[in-house]
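Here you go, one structure.
As written, the chains take the letters A, B, C, D and E, and residue 1 is the first residue of each chain.
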Amino acid sequence: MAMLEVKDINVYYGLIHALRDVSFEVNEGEVVALIGANGAGKTTTLHTVTGLLPSKGGTVTFEGKDITHKPGHAIVKLGMSHVPEGRRVFAGLTVAENLRMGAYTRPKNEIPESLKMVYERFPRLEERKNQAAGTLSGGEQQMLAMGRALMSKPRILLLDEPSMGLSPLFVGEIFKIIEEVSKAGTTVLLVEQNAKKALSIADRGYVLETGKIVKTGKASDLLNDDSIKKAYLGE
Amino acid sequence: MNKLKSYAASKRGRDTLLCFGIVIIAYIIVQAAIAGGGISSQIKGLLVPICAYVVMAISLNLTVGILGELSLGHAGFMSVGAFAGIVTTTCLADAIPLAPLRLAVAMVVAGLFAAIAGVIVGVPVLRLKGDYLAIVTLAFGEIIKNLVNVMYLGLDDAGLHFSLVNQNFQLGDGGKMIINGPIGVSGVTKISTFTSGVVLILVTLFFVLNFVNSRTGRAVMAVRDNKIAADSIGISTSHYKLLAFVVSAAFAGMAGTLYAMNFSTVTAAKFDFNTSILVLVFVVLGGLGNIWGSIVAAALLTLLPELLRGLSNYRMLIYAILLIVMMLFNNSSFKVRLLEKRAMRQMEKAEKAGGKKEGA
Amino acid sequence: MAMLEVTSLGISFGGLRAVDELSMKIEKGGLVGLIGPNGAGKTTAFNMLTGVYRPTDGGIRLDGQNLIGKKPHEICKLGVARTFQNIRLFSQLSVLDNVKTGLHNQITYSFAESMFHLGSYRKKEKQMDEKAMELLRVFDLDGVADYKAANLPYGKQRKLEIARALATNPKLLLLDEPAAGMNPNETEELMETIEIVRKRFGVTVLLIEHDMKLVSGICEYLYVLNFGRLLAEGTPKEVLSNPEVVKAYLGE
Amino acid sequence: LTGCGGSASSSSDSQNSGSDSTASGTAFKIGGTGPLTGAAAIYGNACKNGAQIAVDEINAEGGDIQFELNYQDDEHDAEKAVNAYNTLKDWGMQLSLGSVTSKPCEATAAENYSDRIFALTPSASTVAVTADKDNVFQMCFVDPNQGTASAQYIAEQKLGTKIAVIWKNDDVYSTGIHDKFVAEAKTKGLQVVSDNTFTDASANDFSVQLNDAKSKGADLVFLPMYYQPASLILTQANAMGYAPKFFGVDGMDGILTMEGFDPKLAEGVMLLTPFNADATDEKTASFVKKYKEQFGETPNQFAADAYDCVYAYKQALENAGATPDMSAEDLCDKMIEQFTSMTFDGLTGEGMTWDETGAVSKSPKGMVIKNGAYVGM
Amino acid sequence: MSFLNHLISGISLGSIYAIIALGYTMVYGIAKMLNFAHGDVIMVGGYMCFCATTYLGWPAWMGVVLAVIVCTALGVVIERLAYKPLRMAPSLAVLITAIGVSYFLQNAALLIWSSNPKTFTSVVTGEALSLFGGQMQISKVTLVAIAACVVIMVALMLFTGKSKVGTAMRAVSEDKGAAQLMGINVNTTISITFAIGSGLAAIAGVLLCSAYPTLMPTTGSLPGIKAFTAAVFGGIGSIPGAFIGGILLGIIEIFAKAYISTQLSDAIVFAVLIVVLLVKPDGLLGKHVSEKV
């Protein structure tokens, strides 16, 4: 059975029916990309999975457990981590404190090791560990958000546009990190505007259009799909 | 696209209509009831205070809802207006024998004085943010109260006499103390009427709604939503903040006059923190930025404790519970769903109507 | 004389020298890019140009006029408009009203007219509506004119911000990562839109962007910042093949 | 917790019983407003309870005069007092007990005047309450009289020469007494060495006022205020080892019966009050006993004044031969006539009379607290 | 000497403000709401202790414990019933509900304990500290209040700064949604905050009534507002700020009365507050969080 199974979820913002019967699954160890235009509902999907938004009907199952109506913090404790859109770092806390918050669900003695790991990946964060996160530059905040998510050693990682605002050098870096994390056994659900890059590291992909899944398949197939090339890859 | 725009415009028009409609219909009903004798003294006595509170709520909504700054000292401006109004009517008692005219003049003077107070308070206060601003408005409200409390103002043939802390002047023959320190004002000639109250509400509504639906109002709301962005598109944030604050203060001043001229006695202590809070409750319960909501909430919440008199000892306890319940209901998912359903219906109707028009 | 002249601009935050000795010249009608690694000081430079931060050293001149020490709204009136890296819309206002607010200093009427809705109020408001809708159409936002700005998806919010900035009728438009959160197709569209806007409204554009396709596709000239200092400048071709830039910024 | 709740339940019970005890139409409807909730609720409730006892007694006697009592909450606020008054008017009030506190009573008195409903307030003591109103009367001393009387008393009895005054400057009652006291003190050759105020917002700490009095060598501190702040002043003076003579006014009454108050702190305090709950005369003793039974507390001067008001009404109505079916206006004229001519003996004074202004003439009793009880001076 | 005496009085008064302000600031700092019912929880604490010692004859310390337990429970219940449903609502809605709760508590107390003031028996007994041959007296309550303030301040700082729940609180105060994504139970965290704040209110209530021993249903409201002012003065949300703000406010109040005018003292206190905030817009110790653009 799939690690994460989303079945027929429907989400509304007031009158706006943002997700219509969205279903997809993510298997253990996979990298799955979710692509779609602005406003397609990608962020909404991730929010619903981690319990920040309620779904009307449908179910979300994580490792066999029904988490549809679980509060967000309980879902996170099950081993899910989410890098939200817009980074959402704790602006008033320092970089180091932000990272520690990421490891909130983990025993204290394991934290130093993870901190080291994150600092190795993002040396800039170590330089700035006592700076208030709110004063970091956009890209630095993005690194922090990613680092914070890694601190929880999740079994599944949900990424909402992790490359946004990063320099080309760092975009490459981030995708490398995602691959590494995935190799280390973490399952990844990736939302990206940079569909080409995303599909190139993903195993499978889903295409979301105005709240509906319109296409799915192996990432390599999607990369070669003409309509997708035209709509999302800019070729 | 045109459909959407017309929908927005019609919504705005509807809100305006709703505001004026509520007030005018309420006025007609009440007048009819008075003519028919079907209204109790209790309700009759409440009419003017309700009008004053409605104006207070509308004006505070300008600060809290439209400008987005929490003010905990709005009663201070009401106080300034109340005393300015009393002094004006006392001085003009002979010059303008026609009471409604005298009241109107007093209101204008009161509005002016409150506006000046608004400037004095606003210039320093509006440099602060959030709860710091709130506490400073509270502080100013208390300072105004404290100052009026030690103010002595008398009128005799030689003109007005004024002193602070101690009454250090003697009035000539036939002189009269207008404001007598902590004892406040006694023996006010009551000239506020329900009609004058409703007129003041209508005037306030006219100006406030115009203000909101104008370039100036948009600028104020832009400052509320994002100060930095407003700055970046060339809006002087401090100027517009002050403008909204002063307009709001001016109407509070007029409400103060209306209020004061309805009772034979007024003290500074009436316009304290609790009154400021009361008006804030009206505004929040009616909905931030929602003008007709303020009107309804102010009227309802002024009536409520009176209607609860039958509960004797439990009156204020029940009032508190009702207040909490109303707040909870106002923000409950239940109400949100109700509103959504209504909006859905309206949208459908608009679509249908639009479709017909296009079809025709 | 160049339209915008920046001379050895600098600012510090605590011990951190965020921008140092930055000099730039932008000619009227130009489309110039400002690029550099994360945390290089690009946004900070924008903030100094628009008066959000006051630089500790250096000068900024727009058409010969000194901008240092001026308040943000004054600088806007002099003809500089911007967008923000972290989107800043008037979230509770409608999309249309966001743009109309941008027209604040363009189509004006007095406070008395605001209060009485007399005089030219109606005429001016109509003008505003028309002008705003025209701008929205450029960005394909006319369909959502009545939405609350907060409810737009990310990409549309970015476009709305540009439309609002344009409404102030700027001489110089500063765009901070306009393509962030857009997919390649949308980026493509945006590039076209920027071109159209530049032609139609005659604005000079300075933009920050990490999307090299956009940068090399439309920018005529580039400045590269690194650790607050200018690392390189020149045409995209020159700059993007500069080994130092490659090493510090592009990678590979 | 039940231990704490005793008093409340009984007071609410009695309230209901009061208004139901007689069928309307056969009883005179008396209404009053006062603070039953909020910071001033002590005074309102005391009046309400005092009046209630009188009404119950009179109704139980079964005489010709029967009363129906209705007290409405005014939260010590002029606006609310007018609302409360209007509610009473709708109820059919024929005789009014005005309002308990001064400012609200000023507002309702104006209504009384224009509606021609006679008012006799137990406790609203400013001059403005009765000024220019022929049908508003007071049961308590007028503030200025108290101020003057206090100064005279102190001078005559040579209680002190250097006087300190502490008063509440956001309160009409306190201000009124203070002003007249200071004026009279001057003419009597008393030296006011320290004259300080407090407000609601600063009613906790009196160290500055007391320090000032102490350092200026005041040998008598005059406290024109109610007993709650006075109790704090006595406590704090004691803590700082300052022991001048303290002289209070009628509002001070009640201090000895404050729950938990250590009467030793009030030892030697002098006050002018018309009422003494420890008095042994039959009337007072029976009143105090009933009050304690019903409300679990010892009555203070407010309760006694309100009690007297009801009996004064009874006497006036009897004298005038009034009947409950008379209109409020008719009763008003009759009451004016009676009150300006009759003499009344009550708990708060013997041989009380009223002048046309509505002010009462009764002699305040000088009391001093000895061994936790009032003793006449 | 009189200067010193006034200073001591100021500190005494200030220490009471400070202890109330600590509870205020704690709740504000985390839940980001002005809990106007805080003053009334203080009043409930006072009554609890009063009932325990006067009616039940319990020793003072048991009275304090009872007050703390009851207020803590009360705080949690209030939060659950009245504030939690408004988590998504604008913060002003919660403010108004808090005012409703404040009315409720006052009127419930009026019905339970009647309007008659009670004289509170101080839980702190013993002779005042006498200096300079009796010319200067520092009461035991003041000493206890200051000591309590310092202990509570340090404990709160350690707790919010070091403990796991404490860090969770800070995260919740920054961004509830993001905090949830860290696995923090936002509701529990806020409940704990209220529990602590209300427990502190109980202690504040007992000390307030010990220092100024009358107790009425409205006893808490004015000190509550003063303490709120003190908390803002020191920088709202800042724990040491609440302490310093409280003490300074007390001193300013006493000095204003002593050296300027008792009639104008309220105005002076607030005027000083305004001036300070104009110079330091985030209060004395408030963190200046400049928004990055």
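By definition in this document, a contact is a pair of C-beta atoms (placed from the backbone, for glycine too) under 8 Å apart; a residue touches a chain by one contact, two chains touch by 3 or more.
Note that this is a predicted model, so its numbers are computed, not measured.
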**OP:** Quickly list, by label, the chains bordering both subunit C and subunit D.
**Re:** B, E
Original post:
Going by the average position of its CA atoms, which chain sits the greatest distance from subunit B?
Top reply: A
Subject >> Between subunit A and subunit B, centroid-to-centroid distance (C-alpha), Å >> reply: 49
Subject >> Where subunit B and subunit C are represented by their mean Cα positions, the distance between them in whole Å >> reply: 41
Original post:
Approximately how many whole Å separate the CA-defined centres of subunit A and subunit E?
Top reply: 43
**OP:** Round to the nearest whole Å and give the separation of the Cα centres of subunit B and subunit D.
**Re:** 36
Subject >> Sites on subunit D at which at least two other chains make contact >> reply: 11-12, 36-37, 169, 199-201
**OP:** Can you tell me which residues of subunit E touch two or more of the remaining chains?
**Re:** 106-107, 110-111, 225, 263, 266, 291-293
**OP:** Name the residues of subunit A that each touch 2 or more other chains.
**Re:** 135-136
Original post:
So which chains end up touching which?
Top reply: A-B, A-C, A-E, B-C, B-D, B-E, C-E, D-E
Original post:
Contact residues on subunit B for subunit D in the complex?
Top reply: 40-42, 44-46, 49, 142, 146, 149-150, 181-184, 186-187, 190, 259, 263-270, 306, 309, 312-313, 315-316
Subject >> subunit D - residues contacting subunit B, complex >> reply: 11-12, 15-16, 36-37, 72-73, 77-79, 82-87, 89-90, 103, 106-107, 109-110, 126, 128, 131-132, 169-172, 175-176, 199-201
Subject >> Parts of subunit C lying in touch with subunit E, wherever the complex brings them together >> reply: 43, 47, 52-53, 84, 86
Subject >> List of subunit B residues in touch with subunit A within their complex >> reply: 336, 340, 343-344, 347
Subject >> subunit E to subunit D touching residues, read off their complex >> reply: 2, 5-6, 9, 12-13, 16, 47, 50-51, 54-56, 106-107, 110-121, 128, 134, 137, 139, 211-214, 216-218, 222-223, 225-226, 253-254, 257-258, 262-263, 265-266
